[in-house]
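Structures for review follow.
You will see subunit A twice below: alongside subunit B first, and alongside subunit C after that.
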Partner chain A sequence: MAQSGRREPAPAGDICAHRRCTLGYSFRDATLIPHLALPHPGRTAVRMNATSGHHVLPVSRLGDLFSALRSAGWNLAGPRIRDGAIVYDELETAADLPAGWTDEQAPGKYGLKKRGDGALFGYVVGPHSWKKYLFPPTVRMWSATKTADGMEVEVPQPAAPPTAFIGVRACELAAIAVQDKVFLGSGFVDPVYKARRDNIFLVAVNCGQAGGTCFCSSMNTGPKARGGFDIALTEILEDGHRFLLESGSERGERLVALLAAPAASDADRSAADAAVARAVSMMGRTMETSGVKELLQRNYEHPRWDHVAARCLACTNCTMVCPTCFCSTVEDVPNLSLDRSDHVRTWDSCFTSDFSYIHGGSVRPSVKSRYRQWMVHKLSTWHDQFASSGCVGCGRCITWCPTGIDITEEVREIRASDGANT
Partner chain B sequence: METRADAGVLAPEFLRVTGRRKELADTWTLELEPRAEFPFRPGQFNMVYVFGFGEVAISISGDPAAPGKLVHTVRAVGKLTTALCASKAGAQLGIRGPFGTSWPVDEAAGGDVVLVAGGLGLAPLRPAVYRILAEREKFGRVTLLYGARSPETVLYRAELRRWARAGIDVRVTVDAADARWRGNVGVVTRLIDQAAVTAGATAAFVCGPEIMMRFAVSSLTQRGIPTDRISVSMERNMKCAVGFCGHCQYGPEFICRDGPVFPFRRIEHLFRIREL
Partner chain C sequence: MKKPPVRKKPRLAVFKFASCDGCQLSLLSCEDELLAVAGAVEIANFLEASRAVVKGPYDVTLVEGSITTPHDAERILEVRAQSKFLVTIGACATAGGIQALRNFGDVKEFTSLVYARPDYISTLATSTPIASHVKVDYELRGCPVSKANLLELLSSLLHGRRPNIREHSVCLECKKRGTVCVMVAHGTPCLGPVTHDGCGAICPAFHRGCYGCFGPQETANTSSLAAAWTRMGSTGEDLTRAFRTYNASAEPFRREGDAHARPG
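Here is the complex of A and B:
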C-alpha cells in the first residue's frame, strides 16, 4: 500500500484499533476514521469557504487518495466494468476504475467503447446507483421466532460497513438527498437507511461530459456537484492528466490535507470549469420543468398516457435503475421447521399489478395507469410529498427502458397538448 | 409529526388473542390483550402480523375508552386474512400501530352526525359510534346508515339494535333479500334520502367501497353538507404504514400517513380519476 500523504507514525499507545488499520499508523485526526467520524455531510457538514478547498493531484497520485481512505477504515466502492456495463462495486485500487472507457447511451441503448485516452471517469452513470448501498435491494428487517411461551421478535442491528463512495456524480448526490427526505426526513426514520447513510464518505466527480440521455442541467442537479460531498474531483485531461480537488466538509478537507496536494492554479481551475462546461454543452436531453407539477396533475386523462402504455412493457426497469425510486415490499420467509420466519424487505415497483392489489384486485390494472402513477409521482406529486422533484435528470430510465420510452419526450408531448382529454 | 427511529416502527410486538367471535360466515372479531394500554383514535389502523404469512393493515374496531383491549374485525379474503381469522384464543399475533388519521368526532360535537357505512366499512366506524355514545348529549341528531349485501352479511347486528336504543337513528338496507327480510332493500344512498339528514352543523363520516362512498358523498352534498364536513376512509395496499413502501399512494397522499381518514374536500379532485 502506498505510504503517501501526511501520515505520521503513531505515538506509542496511539495505534489505531480499527480492523482496517493494519499499518501501525494513526492519523493525527481520528475523525477521519469512520467509527469515530463526524456525522455525514448531508446533515452537519460545515461548508468550506471557496478558497480553502482547491488542490490539484496528478493522476498518478489518485491511488494515494484511495490508500488514505482505506487506511482510515473505509471500504471503497466505485465504478468498474462488469458484464459490459459500468457498475458500482467494491474497488481495491484506482487501477480498478474503467480507465480509457466511455459509455454510449440513447433511449433503450447502452454500450461501452474505448476512448483513446486514459480518462478514469470518462463516462456517465450506468445501471447501478448508490441506492443499492443505502437502501439495499434485499434486507431482513426482523424475524419472528416461536419460543416456549409464545413469540419473540428479533430486529438485527442494521449492517453498515463504512464505505467511501468513489465517483458520485452530481445527479447522484441529488438523488441521495432525495432519498434522505424519504427515509430520514418525513416523520419516521428508516433504521436500515440511517445506519448506512451515517457511515459513508462521499467522493464526488464532476462530469466532464454528458451522455445521450442526461438532462441534469434541466433538473438543476448537475453536472457540477454543489454540496453534500466530502471531496469533489474534476478530471482534467488536457495539459497533464490531473484532478482538481475540492473539499466539501471538514473531514474532506482533512483528507485533502493528508494528501499534501499542491494548491490549484488558475489554469487548473479554469480547465476544471471548462470540463464542466463541456458536459453542459453535451447534455443529451432537456426537460422544461416550469410548472410541470401542475401540468401533470391537470392532465391525468391526457391521451398521451394511452400512447405510452402502448409502448411500455411494465418491465419495472426504470424503477430499478432510478436512483430515487424507493418503493419496497415485504415477504415472509418461514424456515422448514416453521419455528422462525424472516420478514424480508425487497425493492418493489409500481409497474407490477400486484403493487396496488387489495382484496378484489389491482387498483391499477392497466399499464397506462401504472406508467402514469410512476411519472406523475416522479415529476409532480413528489413535490407535494417531499418538497422536491423525484427526478434528478440522470437519464437511466430512458437508457434502460427496453422500448426507449423517454420521460423528457413524454413531458414535452403532454405540454404540447396540455388539457387534451381522452 | 414526531420522529421515531426506534425499530418498533417497523417490527411488531406480539400480543395474545384472548377472544374470537364469529360475526358472519367469513368475518371474525378478534380480541387481543395489549401488554400496556393501547390508546388509539377512532378510524386508526394497525399492521397485524400472522406468523409466516406477513402483515396486513386492519382498522381498529374496538372502544377507544377501553384501551386495555385491542379489537379487530377481519374478513377472510386471502391466505393471510384466512389465517388471521383462524387465530384462536391463546394464539399470538404481531401488532404495529396505531397508525393514521382519525374520524373528527370531537370536532363534530355540538352538531348532527351522519355515519354512512357499506359492508365491512362499519368496522372502522364502530369506534366513532362508541365515542359518540360515551358522550351522546354532546351531539345533536346522530344517524347511522348502513348498507350490507344481504341480511346474512349485516355486521354487529345485536349492537345495531343496542345503538338504536341508545339514541342513534339506525337504518339498515341490503342490496338483495328474500321474503323474510322486512327491512329496506336498495343502495345505502337511498337511506340518506329517507333519513332526516340536514345541512347546518352536520358532520358526515363515510366508510365503504369507493363506489359506495362516491354516491354517498354525492347524496350528502346534495343535502347541503359541505365536502369539508364529510370525512371518508380510504383503503390501499400497504406494506409499511409509515410512508416508506410507496404502495398506498393516492395522488400526492400516502394513505397510511395522510389518511386513512380524509376530509373529502382534500381528495375530491382525485376521487373521480380512475385507476389512481
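Here is the complex of A and C:
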C-alpha cells in the first residue's frame, strides 16, 4: 500500500528503484539502513535452501531488531496482553511484549500467570491468530452505484499495510501455509489475501514450552519452525537471557547482518535445542494421526457424533479461532435510496444453519451433522482437497470451546470403538 | 416471504402494545439515515414521531410490545386487518418481553400487592408475543432491536428481498471483533453461545457476560451451556435468573429456566 505520508522529496537514485517498492524511501531513510540491506515491504521473501549459520542476540538488543524493521517501513504486530489474554495487536517496541507472563490452557479454560522470570515469549498461542491480518473478518469487495444508463462497479484496491508479524509459532507458520494453498494455490487467487500475504515479514519464535492443549508434535508442525519464515528466534533463558537468530530468507539474512549479531556458540545452539526439546516434552495433548482420514470416513454413523452434539453449542467459536478455517459469506448491503450497494465479505462458519442453506432449507440442520462436517473436513477430506491435514495442532479449538470439546479426545474415542454404529 | 407492496412509497405504520417504546425509538435513533427512511416510505402512523395519523390500510406495520390485556388482544386483530406486511419488533413483541415474567407467577397476587384498587385492573394472566395472536410476517429480535437490523429490514422490504439478518450466536461477532472470550478467559458466565446475534456483541467487549437480549439463537443448546455454567460455580437459581429476563418465554430459554427453577 502506498504510504504517501512518508514520502518526501529526494534526489533520484536515493529512492528505492525496486519495481514493487511503494514506500519511496527517502535519502534520510536510506542513511539509516544501507540501501541494499533494506528488508523493506514490497520485496517478496526469497526462500533459501539452507540457513547460513546461527547468530545470537542479547535480550537487551531485541529492540534493535524492532527498530530496524520499523525504520524499514514495517508496522509491527505481535503478542501483547489485553483483557486477560495474550492477543495479537500492534506493537511499538519490545517493551510491549508480555514480559514475565505465561498462559495456562485446558479445554474451555484460559488464564494468565506470572512466570517468575523475564521471558518475552514464555507462553503459547492465544485467542487470536494471524488469520485476522491475512483474511480480515469483514472486507468490502466491491460496490455498485446506479448510473443513468446502468451501473458502475468500483473495486477497492485491497489494503495491505506492510506488517512484520512478531512471534509466529511453528504451528502458525503451518497454518499460513495451509491458507496459502486455499487462497493462492487453487488457480483462483484471492486478491485480498494475496495483497496482504505479499506484504508481511515473518519473525518466527520457536516454542520453549508447550501449553495444555498443544499437540503440534502429533501434527508434525512444530514446536520448531522448519521454514516459511524470514527470521526465527529461539529464546534462551539460562546463563544470560538471549535469542538464537536464524534467517530463513534472503531479506531475513540481510536483517540479521544489519544487526551485526555475533555468531552463535555451540553452547547457544545446544541451549536453544534444549528449549525446543522442553516444549516437545510438555506437549499437553496428542493425536494419533495414522489412518485418521479413513477412520473418520468409515465412521459417519458412529455414536460418538451424538455424544459430541449433546455438548456442542454450535456457537462457531472453534471455527473462528482456528487458524486454517477459511469460510466466509458475502452480503449485499444496499442503501435505502436504492442507488448503491456494497458487496461485503465476512467470516462465516459451518456451524450456522445459513451456511449450508440452499433452496428448500439447510443441508445440515442438526448440530451433529455440522460438527461431523467440520471435524471430518479438518482431519480427513482436507487431504483430498488440499493434500494436507487442515489441523496444525495449535489447540485453539479445544481451549476456546466454552464447553471444552476436545478434538483429540473425539478422535481417540472413535478410534477406540472403530466401526460402532448408532 | 410474502412479496412486499408495489406502491412507489409504501405506507409505514408503527403500533405499540405492552412495551417501553425503546424499539420504536430505535427508528428515531437512525439519525443519519432518518431522512432516507422518511424519503423512502410514507410515515402514516407513528405517534412517537408525529401526531398526524393517516388511516389504514398500511403496507408495512411495525408492532412493538406484547399482549397483556383483553383490550390489546382485540386491538391486535384490528392492526393485523389493516396491515399488508406485519413485522414485530423487539423482545416484547417477539417473546412476551420482561413482563412475561408474570407467566411464572400469579398475576392476581401481584395486583393485590401493587395496586390500592386491584379491581380497577383489567389484565391477562400472561404476557404473550404477537405471533400467539395473529399471523406475523417477520420477527425482528432484540431488547431493543438494533438500528442496523431495522434499516436492513426496511431496505429489504423496499427491495422485495429476504432480509439479511443472520440467526447465529453472539460468539461469531465477538470473534470478528477480536474480543477475548469472557467465559473461557475470565470465568464469567455468558449467554452468548445460545443467544441470537444482532447487538454486535456489545457486553463481552466491556467484560460482561451476554444477557441474552436477542433471545435464543437458531440452535440454542441451552442445557449444555447450563452444564458449563454449573461447572463454573453457577447455581440453579443463577441459571433460572439468567434465562428469565427479556426473553423468558422464548421456548428454549423458558425450558432451561424452568429446568433449574425451585419447585413451587
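The rule is simple: the second predicted complex is superposed on the first by the 370 of 422 C-alpha atoms of A that agree within 3 Å, B and C clash if a C-alpha of one lies under 4 Å from a C-alpha of the other, contacts with A are read in each partner's own complex, and residues count from 1 in each chain.
Heads up, the rule we're going with is that contacts are C-beta pairs under 8 Å (C-beta built on N, C-alpha and C of every residue); 3 or more make two chains touch, one makes a residue touch a chain.
None of these values were measured; they are calculated from a predicted model.
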First, second, both or neither for A:G111, with subunit B first and subunit C second
second
State whether A:A310 touches subunit B only (first), subunit C only (second), both chains, or neither.
second
Please indicate which partner A:V155 is in contact with in the superposed arrangement: first for subunit B, second for subunit C, both, or neither.
first
Check whether A:P334 is in contact with subunit B, with subunit C, with both or with neither, and answer first, second, both or neither.
both
Once the shared chain is lined up, is A:T138 touching subunit B (first), subunit C (second), both, or neither of them?
second
Does subunit B (first) or subunit C (second) touch A:M282, or do both, or does neither?
neither
Output check: A:I81 vs subunit B and subunit C. Expected answer is one of first, second, both, neither. What do you get?
neither
Contact residues common to both interfaces of subunit A (with subunit B and with subunit C):
331-332, 334, 338
Write out the stretch or stretches of subunit A touching subunit B in their complex.
141-142, 144, 146, 150-153, 155, 182-183, 186-191, 194, 297, 300-301, 326-332, 334, 338, 341, 343, 348, 350, 355-360, 363-366, 368-369, 373, 376-377, 381, 384-385
Quick one: which bits of subunit B touch subunit A in the complex? Just the residue numbers, please.
1-5, 7, 9-14, 16, 49, 51-55, 75, 77-78, 81, 92, 94, 235-237, 239-240, 242-247, 249, 251-252, 254, 257, 273-276
Which residues of subunit C touch subunit A in their complex?
33, 36-37, 39-40, 151-152, 154-155, 158-159, 164, 166-169, 171-172, 175-181, 183-186, 190, 192-194, 207, 217-219, 221, 224-225, 227-228
Within the complex, subunit C is touched by subunit A residues 82-85, 87, 108-111, 127-128, 132, 137-138, 310-317, 320-321, 331-338, 346-347, 349, 351-354, 367, 399-404
